[in-house]
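Got some structures for you, see below.
Common to both upcoming complexes is subunit A, partnered first by subunit B, then by subunit C.
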Partner chain A sequence: MFGGLITPHAQSGKLSTSATEVEVHAELNTAKKLFSEAATSVNEPPNSHVALFDLAFPGTQPHFQGATLIPAIRAAIAFNCQIQRSSTFDRKHYFYQDQPAGYQITQYYEPFAKDGHIVLYPHDGIAPEDGNSVTVGIKQIQMEQDTAKTILQGNDTYLLDFNRVSHPLIEIITLPQIHSPATAAACVRKIQSILESINALNAGMELGGMRADVNVSIRKRGTEVDSGTGHQYHGVSGLGQRTEIKNLSSFKAVEDSIIAERNRQIQILESGGVIEGETRGWTIGGTETRSLRGKEGEIDYRYMPDPDIAPVIIGEDLVEHIHATMPLLPDDAFSLLTLKTPYGLSIKDAKTVHNLDEGERLDYYMEVVQTLESELSDSERASMPYGRTAGNWLLHELGGLFSQSEEPWDASRVRPDTLASVILNVLRKRVTGKTAKQLLANLFHGDSRTAEEIIEQDNLAVKPMSDEEYHAMVKTVLDNNQDTVRVILRDPQAGKSKVMWLVGQMIRGAEEGRVDAQKAAGIVREQLNIP
Partner chain B sequence: MSLLQHARTCLANQVANKSYNAFISRATEEQLLRVVPDGENASTQRPLEGKLIAIKDNICTTDFPTTAASRILHEFPSPYDATVVSKLRDAGGVVAGKTNLDEFGMGSHSIHSHVGPVSQPSSMEHGEGQLSVGGSSGGSALAVATDQCWASLGTDTGGSVRLPAAYTGVYGFKPSYGLLSRWGVLAYANSLDTVGILAKDVDSVKSLFHAVNGYDKKDPTSLAESSRRRITELVEQRKRSGRYRIGVPKEYNTSGIDPKIKSAWRATLKALQSKGHSIHPVSLPATKLALPAYYVLAPAEAASNLAKYDGVRYGTRSSGPDTSGGVLFSQTRSEGFGDEVKRRILLGNYSLSAEAIDNYFIQAQKVRRLVQRDFDGVFSLRNSLVDEGGDGEGEGERVDALLVPTAPTLPPLVKDVKRQDPVAAYMNDVFTVPTSLAGLPAISVPVKTDHGAARSQIGMQIISQYGDDELVLEIAQCLSES
Partner chain C sequence: MRHQAFRSIRARIVPRSSYSVLHLREYSGNEYDVIDKALGEPSWSAQDLLSSGVSTTADEITPTQLRKLLRLSALPPPKDQDEESRLLGTLASQLHFVQAIRNVDTIGVRPLRSLRDESDEAGAAAEITKDSLQENFDSEERIGKHYVRIRRRPSTLAETKEAEDWDPLQCATRKSNRFFVVNGAK
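For the complex of A and B:
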């Protein structure tokens, strides 16, 4: 049996393990196309952003747009790659209506970035059996052209929109070092999140800005990696025959298709069959992969160096400059948010702040915290958990308002300094939590006054009790709870919790937010004459 | 003769020579006479004012279709002018029409054309039938030779300007790769494709060359201004004595050369010697590898460059669905391309295929570097594209230029060429291909023969170091005066 196939410590020699390699194609966030002056676009009228070269007009030539390197280099740095001083472009030939030149210009022989890695943690969603972290090697990152968008009309007609043609892509190719479908999905998800954090990605997988291919192979346990047996891919040997599943368009599809393909391969091996190297496809919501073309139908891409494109030279100064101006990467942001003062967010909140709205929520959060930091005094900063409070208000209160109204996130709806002033009033107990929520809702729904003005004009501030009022209130409570008072007086040490119970009675009995528990407890002790 | 008179003469010659098929499309008399300045006192401020220039039909122009003599681009209207065309228009030149060629530049006799072959009348000594004009710029060469225009532009990938120049008795100049812009030139083999100039005298070659030469940011392989300046400096540092050292590579002296060519070669060398120039034997050992290397590299690039012709966005498209025949676009491409183009696409795709690339394409690239090193080893001028120290390995004498025949034979009869095995036809390029692989400047000069033919149909090639284009033209001038 091939059960327990991905358990790393499985005993039986018959058990198997899967090795997956992912290839992610990501649209870079650039102003221009890879080889023309035409602007990139997302939702423009069809065929409105196309240069003659993009259509492969006779006599036209490519003009490499140097600025497209910037997000690509940022990605290479984020994935810990060696950036190559010199890289070249090659032509990959195949006929398709979305490919005007009959070839795609890519980097096959000399990619611009090699030998990187990505580290995946439990909070990234790796499989439990992968332990505390998985490091997946990245073989290379290459730049290449995107294809045109095709829309099937009727049964036999394709409409072509060339706006997307030659949009710059990077292809990130990992080593076959992923041994669980969940970890493969986590890897693709994290690649997206890293690309978003460095502002390199045009759009996420959900919007079609990223696609993945996976290569899956099964190996019987006992034939160890690097034992020199079996197949070798990218220098990793001892692997089974692999198959490729192409064009996966969601994280779930990555996970589901690997599960299905792994099971299919195991079934074949179990019944004594042989895995054929082939390209397979996956339909969203499907239960099994299907063969697209077998080995004999594989395309020979006839890679050829593009004679019109000079090698791209990337100087160290450029790499250093980009390195110095890199935005915070997810792992760094994550440890900052969870471990460092003043943030101290829960893992769950940190993930949410980080992952929402392509980093916009994180930028917003940082701005709120910064505003609070500058407003609070030294002693306030020392005693108030303002980082965590800001997280709560951003995610749960402001976030709640957005989801109630079913509107997309918009940072300008309630600006960071406005939210900070609401939070400041809560921290300083000038308004009650309940009032502050109402205040925020008013601001969200368009009250154009500042938070301060609303508090002032609508008379929302908590009116602190005078000492006389405190004394009168304490006296009333003590009179009404004489049994408790007796218990306390009998053993003041053990009666501490009873004191707090009395304070609770006062808080409940008074207008919300007016009773300061510490102060009330002090007066109780004073009146009972206990320490 | 006034510009207008010259234009009228050209028009008359175009009509008289129509059956030889030099043009695919021509400007009408009305169109031409409207733009050619009238009278003797026409402004001559611009160097090409009113000159009729024919353009090979694989160079884009907005005023005629650009077909590359291919059915697949039949009547294709280019939305833009090639840079060389806008430059010659800016200099006052008038586009006389588009000339016939071997489809996409693939051929050595201008017979592989969708609109029919180019040819020239045979002189007595050749026997019956039409003679080859050479290829692939045969239409451009014939149009000049028969005064249907003042000069013409062709393209030279492995000899396509020089061979037809030799066969029709005109000057055919292939400048250094990268000097003339290729923006708007339909790619055959882009690492070799060079725009070239055909004219009846060296001064005309020069004035057209100077008008269209220059850096073009639209062509990524255009030689940068800084490199052009470096070359000028290198050339100017050279001591000028007015006497040239002319090299004769022994590898070109093969048994396959027609005795008439050999004797013309000898006579030309003697003429140079009598003018005080010295002749020196040199060796270019990689020469014999050049032709096979060329016929691996050029078809490989061609197969890639011609993949764009699928009939989807422009050009001729098969009437059936794109998938008919079982392979996408196979119907369109099989109807649209001629046999020679198909042959080279197949050849190119084979040499790029996973099983063959290491033995063919990669080896041919290595040969290409050897050929370049050979040349660097014999020229006294340093190759400005090669780092100092990497200056070839030749121990022998250094020379300023080489003199070799343009073709091993006289122009053959078209009917013989049509019967020829395709590989045998490739042999015509044996003397022109090495220069193309190295990107060097070369000019084919028509030389007088002792045989009293009406028009010389023997061409001698002057070749020099990369960037030494003016020297090649100078020596050509010197030969023309002998």
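For the complex of A and C:
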């Protein structure tokens, strides 16, 4: 019932399933901070991009930077949210050295985007028990300030770099509709992939540009979701008491910490205990969550509307413009590549070609396919799987050459029209697959001639056999395999596979690529005088 | 004289759809009368907040509670009976004030966040539009022929408008290289 991780309650199976909601904090890719003219930065000297307001100097005022809305609205559209014409900022109070004002400015009461959703599929890595897809509601997306970077030195000394303070963040809050740890990790991974595809993310989770908090609760069997009983979070009722695990910095940490927390809660409930609402932490590589602060230690953030910041009014034309110029989202790209002619890639190849080299590989692939399309005749286009063949050659052959040489992808190393020309010769059986691989390797390693010139000058083209050569070759094979011939003649119908065996002998005996199997089989049947 | 002042206020507040105004307008078509009435008859006096004689629903504070509060606040206990009575009296009047505020019925009243022009015109003027961000859209590039991606040009240095023309570290009481330094026991 829990993927073998937990022994279910032996008698009654009282405990049913976990419900998780995730909160993802993502650094937006913007030029300026959220409320000042200071520049955002990643690897600049410490405290070199700080405005007076960022350090909360008395008398300074926040100036909302409208341009920070561009990636934020793209994210809201990508996550199918309702964008609010008017939204406001609030102060979330807490006292810590990474937040000079004593409060973080966030959108608690009236966020700019609400009521969205994200759909997760098996190719996103959801748990098998989640079937073909899971739709997770997104309660809201809010804009907020990041905190300063803190470096602990020794036991109790902190070094502070305020470059990051007030860097614009969005916080994406899902509904508690995720029921397995693998699916929660898939959700966070997909959020990153979508944000990357719209250029909204400053850096991925692996570089600290995204962090996640998860809320985990266990639901008792017999208590249905939305039953109006139990605990209710974001309008979803029938849930157990939840705990929050904060500040997860990798997809694996999301998955592992939920497994550990779910197991801990089940153990407590099964032994008759009560789950305390509390904040817990997770150490990478750990096996259990640890309590950070209990309910009595919960911080009262004293949220209050920020009187210094006017409501943000988002123009309809702005939303329309951003909507009309949205880049292709990952799932739309996958549908195009797997379902639409002429691509026909497997989902695995589609994901690979999409995810590599920030989209450059996909653009290259589409150019190769377009070139092939223009070169092939109507009947060739109808009969040849050139989209799939191009995918294989790009990912496995050309991709293999790049990985062997340990060099980064470079689209100009073998230009798309050059790869298309190699593939065209393979599709038309002008060169054998083996020869084509060698040809591509030569081009990769700097042969400056065109593929056609190399084939011509190095005499690489398959020389088709004449009818006389076919007949002579068939005669030799029949003479050398008289036992087989007798079996075929006794029962020509049953002997069909034996005919193909004879053809196999011919292919093996000839120069690679010269024997056309169908033509050879026809001549065998002709000489044996069978249908 | 007073009506003149109201007229100028009215010119500004009536057109907008703030519901406090709508609320008043439900009672009468004559806005002057309504405003006169609302402002002409005080419904409370600041004296009420100070009067210790007026009954309060706040519970009496006992000397034991007083001592506990003082202890929690790290304040010294009263020296003698007189001081204790004085402190209890002060505390009672403070609680009276708090209670008076708590008694105000705020159900359905939208909290005042700040004083600003909330008219439709002001909203339209503050609107963030495509045109107002055109410069930012222009600083993005679209790359790719078939799979078109957006890139904010990383080379575009933000025009920081003098926001960074100062050295934050000058106001650090403790620093280490370019870092601020603080102590924080775990």
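Basically, the second predicted complex is superposed on the first by the 343 of 531 C-alpha atoms of A that agree within 3 Å, B and C clash if a C-alpha of one lies under 4 Å from a C-alpha of the other, contacts with A are read in each partner's own complex, and residues count from 1 in each chain.
FYI, contacts are C-beta pairs under 8 Å (C-beta built on N, C-alpha and C of every residue); 3 or more make two chains touch, one makes a residue touch a chain.
Just so you know, these numbers come straight off a predicted model, no measurement behind them.
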Original post:
If you stack the two complexes on chain A, which partner ends up touching A:283: first (subunit B), second (subunit C), both, or neither?
Top reply: neither
Output check: A:97 vs subunit B and subunit C. Expected answer is one of first, second, both, neither. What do you get?
both
- [ ] Return first, second, both or neither, reflecting whether A:55 touches subunit B, subunit C, both chains, or no partner chain.
- [x] both
Determine, under the contact definition given at the top, whether A:450 touches first (subunit B), second (subunit C), both, or neither. neither
Max touched-residue count on subunit A (subunit B vs subunit C) belongs to chain C
Per the contact definition in the header, classify A:346: touching subunit B only (first), subunit C only (second), both, or neither.
neither
Applying the document's definition of touch, where does A:45 land relative to subunit B and subunit C: first, second, both, or neither?
second
Looking at A:160, would you say it contacts subunit B, subunit C, both, or neither? Reply first, second, both or neither. both
Please indicate which partner A:69 is in contact with in the superposed arrangement: first for subunit B, second for subunit C, both, or neither. second
Which partner does A:308 reach: the first (subunit B), the second (subunit C), both, or neither?
-> both
The shared contact residues of subunit A with subunit B and subunit C are 52, 55, 97, 156, 160, 307-308, 310
In the complex, subunit A touches subunit C at residues 29-32, 36-40, 45-52, 55, 66-67, 69-70, 86, 88, 97, 151, 153, 155-162, 197-199, 305-308, 310-315, 317-318, 320-321, 325, 327-328, 333, 358-360, 362-363, 366-367, 370
Within their complex, subunit C touches subunit A through residues 111, 113-114, 116, 123-124, 126-133, 136-137, 139-140, 144-152, 156-164, 166, 168-169, 171, 176-186
In the complex, subunit A touches subunit B at residues 52, 55-64, 91, 93, 95-97, 100-103, 156, 160, 300, 302-304, 307-310
Listed in rising order, subunit B residues that touch subunit A in their complex are 59-60, 66, 68, 73, 76, 78-80, 82, 182-187, 189-191, 217-221, 300-301, 303-304, 306-310, 312-314, 321-322, 327-329, 349, 352-354, 357, 361
